[in-house]
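These are the structures, in C-alpha cells.
Both of the next two complexes hold subunit A, though its partner changes from subunit B to subunit C.
Here is the complex of A and B:
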C-alpha cells in the first residue's frame, strides 16, 4: 500500500497548491472518506462495442469499481467507483462551433485524467473549451461523492459532494456541495454550497442559492466529517441492491426490453418495470416500480421509484424521482431530488424544465402546471409559487427578475431556448428519436456492449495500484 | 524647494485619536469634529487615528469606513452583494438594492439601531498594512508615486519605528503643483 499512499499524498499536495489562493485545504475533506483497504476490494471494468472507440491507457493509478468507455487516459490518479464515459467525445474532422466560428478538430478527443482523486464521480460529454478541443483534461482535481464533471475540463479544483460542473472550464476553484455551475469558464472562484449558476456572458445570468440550513438536512459535508444527510442516506439505503449487480458475472434480465431500448446490465431494476421504445437506462441507475414511456431516459446514478415518465423525459445524471408522475418532455436536471409520497404524489406537467439541483420534498400532493420552469427548494404549494414561473412568461423577460433567492439578468427567451435546444440534443444523443433505421443513439448503441474487468496488485508495495495497461482494438 | 515628507506632514499631535474598544457613536463624534491644522495647511483633515493600549497607531477611520460600517448586513443584502462576483451587471445590482430598500424599512433603521451605535471601532476601522507607512525622509516625488500606485488618501509617517505624522494627498498635491509653478 506504500505506493498508493504516496500517490494519495501527491494528489492532495498538488490540489492544495492550486487552491492556495483560496486558502482551501482539501486534506481534512478527503482523509478517511475512502479507506485504502476499500480501494482494492472492487474491480474496474470497461465496455467494448462496435459503436464505441476503444483506447484506454491506465498508468500508476487505482481504478476501484470504476467504469470506462470510449477513449481515456488515466495517469497517477485514484478513481473510486467513478464512471468515465467517453462516448460523446469529438472525432477528428468534426467541426466545433464557437461564437460563429467552425473550428476543425484535428484528432480524436480523449478524456485525460492526471494527478486526480475522483470519488463516485461521473465524467461525461466532451470538452466545450475551444482552446482544448482534443483534450478533455482533468488534472490536480479532487471530486467527492456523486459529483458530476460534465463537459468540464478541470485544473486544480475541488468539487464537493453532489456538486456538478457542466460545460465549463474550471481552474483553481472550489465548488461547494450540491452546487451547480454552467458558466463557460471560471477561475479562482469559491462557489458556496447549494449555488445553482447558469451564465452565458452577454446573454443571460441565472443564480439561485439554496438556504444553507435547510440544505444541510439533505447534504452536509465539511472538513473532518464524512458526507451525510438525506441524499447520502437515500443512496446508501440502496447500495446493497447494486452489490449483487456488480458481483454476478452473467446477470439474467427478466424485464422485457424492446429492441430499440437499452437497460444496462449494471443498472438495478426491481419489478414492476415498463421499458418503452427508445428508452435508455444507464449503468448505476436504479428503477423500482417505474414506468418509462417511449424515449425516456434514466442516466447514471438516477433513481426512479414508484413513478411514471410518459415519454421523452430526460432524467439527467444523479436525478432522483420518487412517487411522481411526469408528463412528456419533462426535463429533470442533474442531481435533482424530487420526492413525493404514497399519499402526496408529485405531478409535473408536460414540457416543464426542472432546473439542475432542485429539491422538491412534499408532504401534500403537488401539481406543477405544464410548461413550468422550476428551481430551488420546494416543500409546499406556497414554496412552488416563489420557485417556479411559466416558461412563456420567463421567455418575455428582457432585463431582470428576482424571486426570493433567485436572480436572473438578461434575455429570458435565450435562456429558455438554450435549455430546450440542449434537451433536444440529449434526447437525440440518447436515441429517443430512433425510427427503426435512422437517428440511433445510446439506447440503440449500448445494447451491444460487453464488459471486461481489471484487477489491481493484491499484495506488496504496489498493492491497490493497477499495472500499466494499454487497451486498443 | 526640494520637499521631503517631514516638510509636508501634519504632526500626529494635531490629529484626533480614539482608543480601540470605542463605539461607533464615539468614533462618529470624534470624526465629526476633527482637529483642524490651519497653521500649516489650508486643508482640514478627516481621519481619526485608532490607538491600542500601548498608544500605538493600529488603524485609521475615515468617512468611507464609517459609511461602510453602516451598510445593512441582512441575508437579502448579502445575497445581492454576492451577485457581482458572478458577473451580474452593476446597474442590475443597484436596482435590486433600491427595490430591497423600498420593501424593507429595517434598512433605514440600521442608522439608529443600538447594535450599530455600539459597534467597536476595530470592527470597521482600516487596519494598517506595511504599505500604509512612509519614512519621513522620503522625497516628494517618491511620496507622490507611492500615494498614486497605492491609491492612498493619507499615509502614516514614521521616524524609525515611531509614527510621527500623517501625510495627506492634498498636501502632496499642493506641493507638486507649487513645484511645477516654480519651474514655469
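Here is the complex of A and C:
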C-alpha cells in the first residue's frame, strides 16, 4: 500500500499549499475518515449505453465504490464512493452563451479530476465558467461526505460534509459543512457552515445562514472527529439496504416501471412503490413507500420515504423527503432535509420552491401553501412565517428584503425567473416532458445502461490503486 | 444488433475463404449454436494482480462470459464464454531455444485474436513457433465448444467441439471433434474426429483414432445440429451450479484453503472438499466430494467428482475425473473423460500418464498399474490391455509399435521424456513445488487476483459489441 499512501500524502499537501492564505489545514479533517482498507474493499463501476458519450481515462487512482458515466478523466486521485456523472457536458460545436458572447465549444467537455480526494461526493452537470468551456476541472481539491460539486470547477478547495457548490468556479476556498454556494466565481473565501448563498453579480444576492448551534444537531464535523449528527445517522441507518444492491451482478426488477421511466439498478426500493411515466430514479436513491407521479425525479443520494410526489417534482441531489405530500412542480433543492412524522405530515403546495439546504423538521402537521419560496430551518408553523414567502410577492422585490437570518438584495423577479428556468431545464434534462417520441431525457436514456465493475490491485506496492484504464467507443 | 451481425458474417466469410481448398463450409456448423441474444447476456471479466503482466486491448468485439488474464489483444472477434489466459507468455529479453538456435524475444508476447469466433474455448500457454515469438495469433479462426488452443497460433482454421491443438502452428486446417493435435506445424489438413496425434518430426510419431461410432456416443456434432452426446450432457447438467458463482460480486470462501494454494472464486466446489498445500483450482473448474493432495491441480473446465488425487496430479484443461483414485504424479491429459462408478471405481497407479483425449468409461472396477501409459477408449479390463503399456516398456521402443488403433514410430524414450519434462514444467508453472519462499507458480500467484467485469452496449446499432477498452499498468 506504499503507493496509495504516497498519493494520499501528496493530495493533502497540495490542498494545504492552496489553502495556506486561509491558514486552513485539511489534515485533521481527513485523518481516519476513510481507513485505507476500505479503499480496496469496493469495486468501481461505469455505465455504457448508446445514449451517452463514452470516454473514460483512469490513471494512478483509487476509485473504490465510485460510479462513472459519460466523459471523465481521473488522474492521481482518490475517489471514495463518489458519483462522477459526465452525462450533461457540453459538446464540440455547441455555442455557449454568456453575457452577449457566443463562444464556440471546441471539443467535447470532460470532467477532469486531478490530485484530489473526493469522499461520497456527487459531481455532475457542465461547467458554466466561460473561461474553461472544455474542461470541468477538479484539482488539488478535497471534498467530504455528501458534498455536491455541480457544474463547479475547483482548484485548491476544501468542501465540508454536505457542502454544495453549484455553477461556481472556486479557487483556494473552504466551503463549510452544509453550506450552499452558487455565486459565479469565488476565490480565497472561507464560507461558514450552513451558509446558503445565491448570487448573480449585478442582479441579486441571496444569503441565509443556519443558526450554528441548531445546525450542529444535524451535521457537525470539525478537525479530529468524523462527521456526525442527524443527517449522518439518517444515512448510516439505511446503508445496509444498499449492500445487497451492490453485491449481486444482476438484480431483478420487482416493481413495475413504465417504459418511459427508469429506476436505477443501484437504487434501493422498498414496497409499496409507484413509479409514474417519465420518472427518473438515479443510482444511490432510496425509496420506501413512495409514490412518484409523472415526471417526478429522485436524484443521487435522495431518500423518499412514506411520501407522495404528485408529478414533475425535482428532488435534487442529496435531498430527503420523509412523511410528506408534495404538489406538482414542487422543487426541493440539494441536500434539503424535509422530515415530517406519521402524525405530523408535511404538505407542500404545487409550484413551490424549497431552496437548497433547507431543513424542515416538524413535530406537528405543517402545510406550506402553493407557490411558496421556502428556505432555512423550519420546525414549526411559526418558523415557517420567517422562512418563506409567496413567489409572487418575492418577484416584486426591487431593492432588498430581510427576514430573520435571510438577506436579499437586488431584483426578486430575476432571482425567481432564474430558479424557474433552471427547474424547467432540470425536468427537461431528466425526461419529464417526454411525449413518447420527442424530449427524451435521462429517464428514457438511462434504461439502456450496462454496468461494468473495476477493481484495484489486490496486493503488492500498488495495492489499492487501479491500473490505467482507457475506454472509448 | 446490426454491427454484430456484420461482424459475424465477416468472420464466417474469412474462415471459409481460408478453408476453400478443403471444401469446408463453416456456416452450417455455427448456425444457431449461439443465439445473438446470449451474446449480450453475460459479462466479460478480467483479472488484475501484482503477479501478472497487464495489457488488455479490446476492440469491436463481443466478449460475453469470457475471462482474460495477462496480455491479450482482441479485435473484430466474438468470444463466447472463452478463457484467454495470457499468463504464461514469453517476455522481452527471454531467449527462446529451438534446435540449437537461441532466439531473443524482442517484446512481451501477446495473445492476438483477430477476426475470429471462439465458443467456450480455452486459450493458454505460449506459442512454441520460432517464427512468431512475440505474437500468439489466432486469426480467421472458428472454434467450437470446449476446444483448447494451447500455445497454438492459428490462421484460417476450424476446430470442432472438444478439439485440442497443442504447441502446433496451424494454417487453413480443420480439426475434428475431440481430435488432439500436437505436431509442430500443420497446414491444409483435415483431421478426423477423435484423432490423437503427437509428432516431433524426425523423432517420433504417435497416432490413435477413436472408433467413430463409439465416439459419437460421447461427442457428436455435424453441420446443422448442435453438439450433442454424453460429454455435452455431462457439462450441461452441471451448468446451473456455475450460475451462482457468476451472479454474485463477492463470494465467500467456505472451504479451508492453505495459504500456498488457490481455489478460484469462479470455480464450483461442493463439499466435502480437501485442498492440500500448493493446490491450484482454476476458474470454471468443478469439484464435488474431491480430495486434492499437495501440488495437485484442476485446470479450466475440469470436473473432479467423488475422487481422490494423491498429490502432484496434473488434470489438464477440460479433463474430467469421476469416481476415481489417482496416485501421485498421475497426469491426465486435455479433455480426457475418466468415469468410474460407485461400484466400479477407477484406480490409476502413481506416475502414470493418461494421454490427452482418453475416454475411460467402466461398469466394473478397474485398476491401472503404476507407471502406465494409457490412451484411447477403455470400457473394460480387456480394453485396457490394448490401450496401455508400461512407461518403462514404451521407453524401450526404437522403431515402431502397433496396438489396436494406435501406431507409434520412432524413439519411445524421446516420446516419454518429452511428456515427463512437460509434466514437470506444468507442475512447476502451477506452483506444485513451492517451498514457502521459492518456486512460486499459479497456485500462489492467483490468490491475489481482483476481478473486473465488462458489458457491451445494451442497445442501439452497436448492441452486443463492447466499447474499445485499453488496460495497462
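Before moving on, here are some points about what is shown:
Rule of thumb we're sticking to: the second predicted complex is superposed on the first by the 473 of 473 C-alpha atoms of A that agree within 3 Å, B and C clash if a C-alpha of one lies under 4 Å from a C-alpha of the other, contacts with A are read in each partner's own complex, and residues count from 1 in each chain.
Just so it is clear, contacts are C-beta pairs under 8 Å (C-beta built on N, C-alpha and C of every residue); 3 or more make two chains touch, one makes a residue touch a chain.
These numbers come from a predicted model, not from an experiment.
After overlaying the two complexes on the shared chain, residue contacts for A:170 are found with neither subunit B nor subunit C. When both complexes are overlaid on chain A, the residue A:43 reaches subunit C alone and has no touch with subunit B.
When the two structures are aligned on the shared chain, A:133 is found in touch with neither subunit B nor subunit C.
In the superposed model, A:123 lies in contact with neither subunit B nor subunit C. In the superposition on chain A, contact of A:457 is made with subunit C only, not with subunit B. Of the two partner chains placed by the overlay, only subunit B lies in contact with A:409; subunit C stays clear of it.
Shared-chain residue A:432: touches no atom of subunit B or subunit C. If you count the residues of subunit A touched by subunit B and by subunit C, you find the higher number for C.
By the touch criterion defined above, A:285 reaches neither subunit B nor subunit C. By the touch criterion defined above, A:54 lies against subunit C but remains apart from subunit B after alignment on the C-alpha atoms of chain A.
On the side of subunit B, the complex with subunit A involves touching residues 79-80, 82-83, 85-89, 92, 95-96, 99. Contact residues on subunit C toward subunit A in their complex (touch as defined above): 43, 48-51, 54, 246-250, 448-463, 467-473.
By the touch criterion given at the top, residues 183, 189, 197, 199, 201, 205, 207, 209, 400, 402, 405, 407, 409 of subunit A touch subunit B in their complex.
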